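Chain nomenclature is as follows: A, B, C and D, assigned in order of appearance, with residue numbering initiated at 1 for each chain independently.
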Amino acid sequence: MREFDSDDIVILVSRTLSPFIMLFALYVVFHGHYSPGGGFQGGTMLAAAVILIRLAAGSELAHLQFPRELGTPLGAAGVFIYFGTGLATMLGGGRFLDYAFLPLAGTAPALRSLGILLVEVGVGLAVLGILTAIFDDLLEGSGE
Amino acid sequence: MSDAPALPVLILLGTAILAPLVSLLLRRSARALAVAAVAAAASISAVNLVRVLGRGTLHTHMAGWPPPIGIEYVLDPLAAFVAAVINSIVLIVLVHARLSVDAEIPDRSRHVSFYALVLLMLCGFNGIVATGDFFNLYVWLEISSLSLYGLVAAGDRRSPVAAFRYLIMGTIGATFYLLGLGFLFVMTGSLNMADLAAILPHVWREPPVVVGLVLMVAGMSIKMALFPLHGWLPDAYTTAPSSASALIAPTGTKVGAYVLIRLLFFVFGAEFAARTLPVTSVIGWLAAAAVIYGSVMAMAQKELKRMLAFSSVAQVGYIGIGIGLASPLGLIGAVLHVLNHACMKALLFLVAGSFRLKLGHSRIDRFNAAVRRQMPWTTAAFAAGALSMVGVPPLAGFFSKWYLALGAVRASNWIFLAVILVSSLLNAVYFFRVLERLYMGKTGGPGKQEGPAGEAVEDGPRDGEAAASMLVPVLLLAAALLVIGLLNAVVVKQVIMKMIPQGMM
Amino acid sequence: MTQMTHAAGFSSLAPLLAVLISLAAVPLILASARRPNLREFWTLAASFLKFGLVFSLLPHVLAGREATVVLLEIAPGIRLALRADPFAVFFALVASGLWILTSFFSIGYVRGLDDKRQTRYFASFAVCLSATMGVAFASNLLTFIVFYEILTVATYPLVIHKETPVAIRAGRKYLAYTLTAGVFLVAATVVTYQAAGTLDFRAGGIPGLADVSGGTLRALFFLFMAGVGVKAAIMPLHGWLPTAMAAPTPVSALLHAVAVVKSGVFGVVRVVGFVFGPALMKGLGLNGVLAVFAAVSIIAASLIAFRQDNLKLRLAYSTVGHLSYIVLGSALLSTGALTGSVLHLAFHATLKITLFFCAGAIYVNLHRENISDLDGIGRVMPWTMGAFATAAIGLSGVPPLNGFVSKWWLGWGAVEAGNVLPLAVLALSGLLNAGYLLPIVRRAFLRPGKGLDGKGEASPFMVVPLILAAVVSLLFGLVPNLFFRFHDLARAVAAAILGGEGR
Amino acid sequence: MKTLDFFVGHYAYWFVVALLVLGLYGMMVKRNLVKKLIGMTIFQVAVIIFYIASAVKREATIPIADKAIGTADASLYINPLQHTLMLTAIVVGVATAGVAYALLIIIFRRYNTLHEPELMEAMKREEEEDGDE
């Protein structure tokens, strides 16, 4: 990479900010199904938090927080949570993503709420993973 | 299975996601997974086709939401047919792909993503074909396009540039489509195809509807590489890995054609698309130009894959002419040509791939009789494909031209007739040029030199006939050409006749 | 693969088998590439079987029963169907019969030159014969096209057989002409189907065409002629034929004197008699146009033939002329003329194949192609040149050879049609024929030869067939109805065309 | 006056049109691939704005069930469908941009330029090398 002059203040600020951003991001994710927000937005915020550290502290440090190898698999895993939910409903005898048929205990409305929550979480993870991966890939090898 | 129409999509999507995860644990599993998934998808869509023909259109409502609120997946004969064709062709090509991919993508770690992309692309195609919702179609369109860009970029040194051009053009197309869809949505408040078909007759003289239709048609014309919007195609097909071009060429443009047919004849209706607002005739004339232009350009090419790419432009033109006729015969010709051209182009590109692997190049001026002596069966299959392209009965290629010609005469459009017939002569010129070299080229040096830059053709056997895994698919397709040709009446009567929409008669 | 309809008992399968038999021989021939004798055995077996099958159809057609095979439906409403009407059987008999002779001759020829690519040669030959049978038996235009195109493609390897630059150029020219013709034929067929709603050949013309506007019909007719006229080498569409003489002589002999070109004229007669029909032809005055083209071709070709020093080229141009005899006969549309043209289809074949065989024998034996080098060869190759002389006389239309019979009928037909001009054309071309063929004989026998010491006849494989061909020509000249009742068949065809079915 | 209303009243759409033209201009005319890409993004954004603009209603609030308003009268909420659609469209756009940038990076590594004429030049040179190799 371009040699990186890490500024203590910047690192300090971003280190303090990052967890709160993540917290708010999680809030957004988990509120997706009955108020503004959801997986995409929350995931983007999570990614923002991660990328903030990368910008502030440079890759070497940042990868201690979130190793770059994690990006793509996390994304795949996220999408798979989403997909798996849909599959589960099919196994439960319903249509794809027909949450009411989740093979779990509970009334249909509860199951719907749970199902969409699962999906939001999946989407959130996917967005986090993929955005970070894109950031890393674009950064990788620039310069050297 | 209530989800039957969506099932291939789901299977392919799931496998595409799983492939990277699984291959973290066991290496080399990607290809097996891909083949298995595509095989499953192909067999399901075959079953679906039979069911649709037997019991009529299949519907499934995503997540149990009924349309027009929910997204509906619909398999009518047209969709089922196209899906079956695409899936089975891709299956055949994937069988052939192994050696060729190993050779042309030396970096093994990239194979996983290659096969994942193939799955995503096919998933997107299936989605486009199966969905009953125009916005959903847009999403699938972009999914497939993105994976196409990736596949193209996996090719030789120049491929990323071609891929980037393709990306720019493709995005313009998709965005036009989206914009046009926006106009329709504003006017009708619905995105569901059946719903739109019901609402449009009341509003279809409104300017926004017309604008919307034109924009959507323009966008899809870019996707199906209709002359003069074909600019991205030749470079993309030429520089992509052989197996990628063998995957894209038979399927990609066809899907664009499918969307056009769906939009023009099933949603707007032939009456509107042909008489009220003569979109189809514009398409027809452009297509006629495409046929001539593509064939002429193909003559000028020195590189086999590039020649085939330009001939694809021409062949898309045939489908366009069929659409342009906006008559049952035209539709029959177009849809039958979707099948025929898929088989022919897959065959020819696969042969080009085998040549690249075996000889290290696919440059026409370097072919000679040594090639034929080295791999007689592959060459014979190529000859069969070439003859079919020229339109020698009883091979398949003749009959799509036959129906198109009938349609042109019935519409007493003599220029289309002339174009269709003359083009088969042009095909003859550039294909016999290759055949002549393959069968009588003076064997100067040995038939194999080292390949163009960016290709590692060293690994893999270099002499003798192509390996079974490459030979069998090729011969299979060659045989298919003859069978389809002889049994085309069955296809036409049992399948295509059933998909002619009301109001076209 | 197909569902047969057993309309007329076993015999209904005979046409199909006749088509398939030589096709079935192809893999065997390819398989036994290493063992020439076995390979040639397959060829001969196929040729004899084919001939037998066709011959078995003869009694049926003479009794007025037409064997038919309906294969699969190739396109909605159009079936891939074979029908053995008199004309078809007639043509099939000629082609398959002469294939036997040619096979023997070919063996002598290719071995005499110990050719490298004999396997491909025999294989393509077999395919060509299948296609020819298909053309003969085709019961509708689409079937006709299918086999016509197959014939086109299958002949290509034979034309470029020598793989010399000349041969390759000849191949290109051949493809350019014939593929274009195929395209025109397809166009014509499409239009016909739209206009008439059917493509089945019907003696006396397809009824549906009657109520189509004259302009369209004229255009349609010229499309058809452009389609079949190329193989029939009607001037100015004859250009490929002389060039195609680059092929080995047996190929020229069978394909460019019998199978290919004859399937062209066969197509002309089919179109004239079985698609348009006499009424339309006369009504639109198309037969006049056709007749003029034919007459011009006859004279012009004969004149050009004079200037050729290469023996095969001279024969080629003479072929162009004689093909136009047949076209002329079909254009005159009178009983006699049609009989004559159909007969000429067979008789010109026997005569011309004799001449080509002779040319081949001379080439293999003495490696001479130019007429100017043929001085005195009559002394070393008496049998060959004797046969040559016989055939030459026959082509000039001198009794008692069969050439006279067909020409007689043509002339008689011209008179019937109340038109004397064709008569003059025939007489003149007869003289011209004599003029460009007999000098060769004179050279061969009367001029002293050079460098012929120690040379003898060619191998019996070649001499016997050519003598046979000559003898057959003579016999047919004496008894036109011999063996095959050619004469009756021809009458039947003429009657069918002019008087609708039967009679 | 009326025409003025027409122009002012549809300001959002004129804005969209302007963006569309701008984006197309960027893609077609600019020689630098990155600029083409920027043009492409503008083009997509224009369409997104077009959808959103078509969702607006006078005196309507964001489409979240509000006790105070109740759900009886749909005209009190703006149409949420376009927003959800465009959410997807945005994601598609991001993905496309991601792929495009990845491609650009590869291109830059191979040819050390993103300026189209130079790129063509370099590729033509390669072509010739292949030709006489």
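Throughout what follows, a residue touches a chain if its C-beta (ideal position, glycine included) is under 8 Å from a C-beta of that chain, and two chains touch if they have at least 3 such contacts.
Source: prediction; values computed, not measured.
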Going only through chains that touch each other, what is the minimum step count from subunit A to subunit D? 1
Taking each chain's centre as the mean of its C-alpha atoms, give the chain farthest from subunit A. C
Where are there more C-beta contacts: A-B or B-D? B-D
Chain centres from averaged Cα atoms put subunit A and subunit B apart, in whole Å, by 36
Expressed in whole Å, how far the mean CA point of subunit B lies from that of subunit D is 27
Can you give the whole-Å distance between the Cα centres of subunit A and subunit C? 79
Indicate the whole-number Å distance between the mean C-alpha point of subunit C and the mean C-alpha point of subunit D. 69
Go through the chains and record each pair that touches. A-B, A-D, B-C, B-D
For subunit B, which residues count as touching subunit A in their complex? 2-3, 6, 10, 13-14, 17-18, 20-21, 24, 60-64
Sites on subunit A touched by subunit B in the complex: 72-73, 76-77, 79-80, 83, 86-87, 89-90, 94-100
The subunit D residues in contact with subunit B across the complex are 20, 24, 27, 33, 36-37, 40, 43-44, 47, 50-51, 54, 82, 85, 88-89, 92, 95-96, 99-100, 103-104, 106-107, 110, 119, 123, 126, 129-130, 133
Can you name the residues of subunit C that touch subunit B in the complex? 1, 72-76, 78, 80, 142, 145-146, 149-150, 152-153, 160, 163, 168, 171-172, 175, 179-180, 183-184, 186-187, 190-191, 193-194
Within their complex, subunit A touches subunit D through residues 35-36, 40, 130, 134, 137-138, 141-142
